[in-house]
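Below are two complexes that have subunit A in common, paired first with subunit B and then with subunit C.
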Partner chain A sequence: MSYERDDANSINRQSFIELDARERAKALFDVGTSRELLGPFDRVESPWLSMQGVTPQADDGCVVMKGKISGQAAVVVALEGAFQGGSMGEVSGAKLTAALDLACADNEKGVPTSAVMLLETGGVRLQEANLGLAAIAEIMASILALRKHAPVISVTAGTVGCFGGMSLAAGLSSYIVLTREARLGLNGPEVIEQESGVDEFDSSDRALIWAIHGGEQRYATGLADALVEDDTQQLADVVRQLIAKGVPPVHRSSQVALYRGRIAALDTSRQWEPRELRATWGTSSSVEEKP
Partner chain B sequence: MSEHTGIRGTVWFRALTGQAYPMSGDPDSVLTADALLGEDISRFLCVVRNPHARFPCARDGQVGLEEAYTLATRVREIIEQDKNAIKRPIIAIVDVKSQAYGRREETAAIFLAAAAAADAYGTARLAGHPVITLVVGHALSGGFLTHGYQANRILAFDDDGVMIHAMHKEAAARITRRSVESLEKLGETISPLSYDIRDYAKLGLLHKLLHVDSPDNPSQQEIQHVRDELIAAIEDARNSPVDLSNRLQSKEARETRKASILTRSMLEAQWADEQAN
Partner chain C sequence: MAQQTLGQVSRSWTTRRDEKRRRMQQVQPWMKGPILPRKKMIEALETLIVSGDKVVLEGDNQKQADFLSRSLVKVDAKKLHDLHLIISSISRPEHLTLFELGIAKKVDFAFAGPQSLRVSQLLEDGKLDIGAIHTYVELYARLLVDLVPNVVLVCAEQADAEGNLYTGPNTEDTPVIVEAAAFHDGIVIVQVNEIVEKLPRVDIPASWVDVVVEADRPFAVEPLFTRDPRHISELQILVGMMVIRGVYERHQVHSLNHGIGFDTAAIELLLPTYGESLGLRGKICEHWALNPHPTLIPAIERGWVKSIHSFGSEVGMDQYIAARPDIFFTGRDGSLRSNRVLCQLAGQYAVDGFIGSTLQMDADANSSTVTIGRLAGFGGAPNMGHDPHGRRHSSPAWLDLITENKPIVRGRKLVVQTVETFQSGGVPAFVETLDAVQVGKQAGMPIAPIMIYGDDVSHVVTEEGIAYLYKADGLEERRRALAAVAGVSPVGLKAKASETAALRSKGIVAYPEDLGIQRLQAKRSLLAARSMEDLVAWSGGLYNPPARFRSW
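Right, the complex of A and B next:
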């Protein structure tokens, strides 16, 4: 599903990107049903940051809320891009994993519970290095367990984007929702330039970055299930629709033969103009119809 | 020593399976074999260097698009074959430099390829296949998330050539604006930052550290020792839950990952509270 820009309505539109993680999470629930778990007053902070001279945050940049979406139980976990780039540390990672596991346990007890992850993150928090990487592996395992029972929806709105190990978490999701201001990829442009040289990727080339990682391209190549405007109401509506669709018959990350075939068909002797891929990949692998 | 030599994957794959070839139709960078381990025919997988890889940024032991989808294919093959049978063990031998850093990779969604491989390993584990990872060299970053980190049990050699980390030293130093020396110094007191496998073991994520005197050229005795440990790990995995809860239960995890354990228990209590309302 893709949504056109509606300039007449843009004045009444509430930007989702301008909201902080807590407001973003709250905006997705039925009014008056959400409650934050392990909030800032519980003060479960990163034990690793202060010993490196970095001020920790009382919620470790990760907001967990439980409530109802369309009358059904749901948990929303929002990463705060403004704190350490939304990076995953020991505590923020454990919050996300635990929320997914508790949702999974509720499903197993017969209480349908979906999960929404609001991913604004550069991946592993380097001050917590190996515990961040381990946390991401555990988040991935928990997504795999939960998505058998209920949809796990990833939303990246911007402006941080979703990179590093957390892009794999997005890849494992039942559905991916992006805005045009969102970026999604494993390696960011600076990292590629550093590791493989400026000829491989010129990180100052903004147009190239958006052409590859941008939400519009990811949607046009069938790698996202919905492309939405930066509009809180529209985004909440799309999340409702995807929850209503339930668990997809086959998850994108399980469609190995399809994607392996697509990779085999690529001419690797040259760099591509990213738009070239739209023609062959554009027929979305998901069950979504295009407008 | 921390250079990625890229030879150990092949050495140990051959030592444990008696051969070192890709399967028909697969790139040369992914070795797959079915070989006897104790009483089980286990599937062994390893990503190795391939200087002739189609993708230029995946020629030096990195896990790229083709490697990830090949791993996913070969793991899913076993899940499918064992649908109504005893779930065979899957052994991931790990010596990966990193994920592939390239423009082609990003354009063709390496994030999804990596997720597909992790999906296959995780799905195998949830289906009851014992998935055992043996880290013989480097296990870095997205490369490890793709190949190895979804295992029930992780074994690693107690050796200076073994490194498990989120980012290689030079890049981590640059990004955190530290010198490599000060990063190494920090790792001595802050174990998650350390590049030393013995410090990694303090995090409680490993099932076991295995001592091997000559990991580049192992003796028959050393191979037998590793084989016995793999068999024991398979047995242990078969008698345990299929999730990753063991990574929080070890003696080391109860010490180093206290914050994770506290987070989980507090969140669980508040979650249940809400249901009582």
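Right, the complex of A and C next:
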């Protein structure tokens, strides 16, 4: 699903991007139903950052909230892009994993509980190295366990985007929701430029970056399920609709043959333009319907 | 050849004209009318310019005659050297390569923002002599007095086969540069983006132009006046609210110029929200001498703005401007007509107030953007940032700054400086001595390079409050007023609580609460637009931001 831009509404809307992680998480719940788990006053913070001269944050940049969405139990985990680029460390990773696992356990007990991940992250927190990598492996395992029972929805609104290991986590989720301002990709532009040179990818060329990693392109090439305005109400509505849709008949990440086929069919002897790819790969709705 | 004989004195009165004719004749064989083929450019420069010439190279604040500057660095420095360059804005790397190669030796300029480090270095290495650092109007005035150019290298969007020029929305400095050469037998060389059959409008007539060449690519122009609302901080919003209440509303500022910065962008975006809530529409901020700031779009759309005259255009604003001819100055073709000199004069004489931000300010409110290792120059801020004593017409704001009760008094222009007490990295903005003093000494300048002199400053606004310096009685009270808003900087630490309380009761210092502003009100949700996407939406899709400002 995608939404037409409406300039008048756009001016009066409540921006989702403007919200911090805590406000974002809260905005998705039915009013008055949410509570934070392991909040900043529990002071569970990274033990590794201060050793490296980085001031830790009392919630480690990961906000977990439990409550109701459309009257049904849900957990929302929001990563704070403003803290260490939303990176995943030992603590933030464990919080996200535990939240998904508890949701999974509730489902197994017969309490339908879906999960929403608000991903503004560059991936593994470099200061925590292997612990961050291990955390991402655990997150992925937990998503795979939960998504059988209830939809796991990834939302990336901007402005950090979702990159690195956490883009794999997004890829495993049942539905991906993006704004035009969002970016989703395995390697971030700076990493590609650093590894393959500026001729391969100029990380200062914002038009190029958004033509490839941007929300509109990801949606138009079938790699995301919804493209929404930067509008809190609209975004919350879309999350509700996707929860109502339930577990998809087939997850995107299970369609290995489809995506291998797409890659194989690409003529790599020439440079493809991002726009052409839209025409060739089409929108996500066609993907969803295919068994 | 007019020659006169008076007694024993016999001289030619046409040396400039003869010399121009001699040079032009040498390139004549290559030309078709005024059109020179591109491949002959370097040879033509070597022929039309002579060592030691005064040459204006059009490097404006925004547009750059970059094909000509890129060609000039390729001339043979043995044939052509020691030029005296006049560049209003040293913006491009090749402007300074000319000095490294010895093609140029001396420079008179106004601004060197992007190249300020290298200017400083070349000066130290003895590769470059600085005539003087000017303001824009001042530099152009000298083209008509003691810096009359031999050759000018300028740019335009289009030319026709006759050599008429269309400068497009970014007219900027071209008319005055061309005028100084064309009417004193200088040679006018123009790079154009394209040669067309019919021009949308004629900005400069063919009879002022000697050589036209089609450039290899369109002239460079930078979006210098675009600020992404996403990066406006709540501190800047607080300062903006204080300016609206404590300065614009207090003195009924109807006409003004805004320096570019996030502080002023915040003010522009607060007008349709906070300003509207105070019922100020139609009472302040109606007439502007200003580049087409994208952050002014919401205020324009909400009916705040009656007119805007511009120094130059702004990348991405062309369609929006063309659709709002009641507001902007446009030609018959519909596109913007800008003019730096005229707009600077408007900003100097015709506006109630100027507001700009600075990096450093001393206890007497002197300020400069020249800091150690950087010779940034002044640009246009000092033109607008001073009280022009040649002003004779009055306006409510001008009269409101009169503090004396005498039969003969004059009004005063508002010169407002906004300063955050500390710059990023915890460096205090208020200092005992400006870096400019030391830089001036090192560079052998006759006086320290001050951007805005303290005695011209009427108001200083920081996140702490407003100092109404114009009201202060004597230098001592003035210093105390400034210290009262200078936070915990070295200057601010001199403030005494009892003195500050007295200044507040006299209305010489106002803190937010004195103005009816609560600090916690200063939220980003008050901004009429919080992102570039919002600005596009406000413009109804007419504003087309350049790629580097897009996140979609």
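By definition in this document, the second predicted complex is superposed on the first by the 282 of 291 C-alpha atoms of A that agree within 3 Å, B and C clash if a C-alpha of one lies under 4 Å from a C-alpha of the other, contacts with A are read in each partner's own complex, and residues count from 1 in each chain.
As a convention for this text, a residue touches a chain if its C-beta (ideal position, glycine included) is under 8 Å from a C-beta of that chain, and two chains touch if they have at least 3 such contacts.
Given the structure is predicted, the values throughout are model-derived calculations rather than measurements.
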Query = Looking at the combined model built on subunit A, do subunit B and subunit C fit side by side or clash?
reply = fit
Query = Where does A:95 make contact in the superposed view: on subunit B (first), on subunit C (second), on both, or on neither?
reply = first
Inquiry  = Touch test for A:61: subunit B only (first), subunit C only (second), both, or neither?
reply    = neither
Query = subunit A residues in contact: does subunit B have more, or subunit C?
reply = B
Inquiry  = Per the contact definition in the header, classify A:158: touching subunit B only (first), subunit C only (second), both, or neither.
reply    = second
Query = Does subunit B (first) or subunit C (second) touch A:38, or do both, or does neither?
reply = first
Ask   = For the overlay on chain A, what angle lies at subunit A between subunit B and subunit C, C-alpha centres, nearest 10°?
value = 120
Query = Between subunit B (first) and subunit C (second), which does A:216 come into contact with in this model arrangement: first, second, both, or neither?
reply = second
Ask   = Which value, in Å, gives the least CA distance between subunit B and subunit C in the superposed three-chain arrangement?
value = 16
Inquiry  = Output the subunit A positions appearing in both contact lists, the one against subunit B and the one against subunit C.
reply    = none
Message = Quick check: in the complex, which residue numbers of subunit A touch subunit C?
response = 5, 7, 10-11, 15, 17-18, 158-159, 180-181, 204-207, 210, 214-216, 230
Ask   = Which of the residues in subunit A come into contact with subunit B in the complex?
value = 35, 37-38, 42, 44, 46-48, 51-52, 64, 66, 90-91, 93-95, 97-99, 101-102, 124, 126-138, 140-141, 144-145, 148, 164-165, 167-172, 184-187, 191-192, 194-196, 200-201, 212-213, 218, 221, 223, 251-257, 259-260, 262-264, 266, 268, 271-272, 274, 277
Note = So, in the complex, the side of subunit B touching subunit A is made of residues 54-57, 65-66, 69-70, 72-73, 76, 98-99, 101-116, 118-120, 122-123, 125-126, 141-142, 144-146, 149-150, 164-167, 171-172, 174-176, 186, 189-194, 200, 203, 205, 243-244, 247, 256-260, 262-264, 266-268, 270-271, 274
Key: Residues of subunit C touching subunit A in the complex   = 230, 298, 524-525, 528-531, 533-534, 537-538, 540-541, 547-552
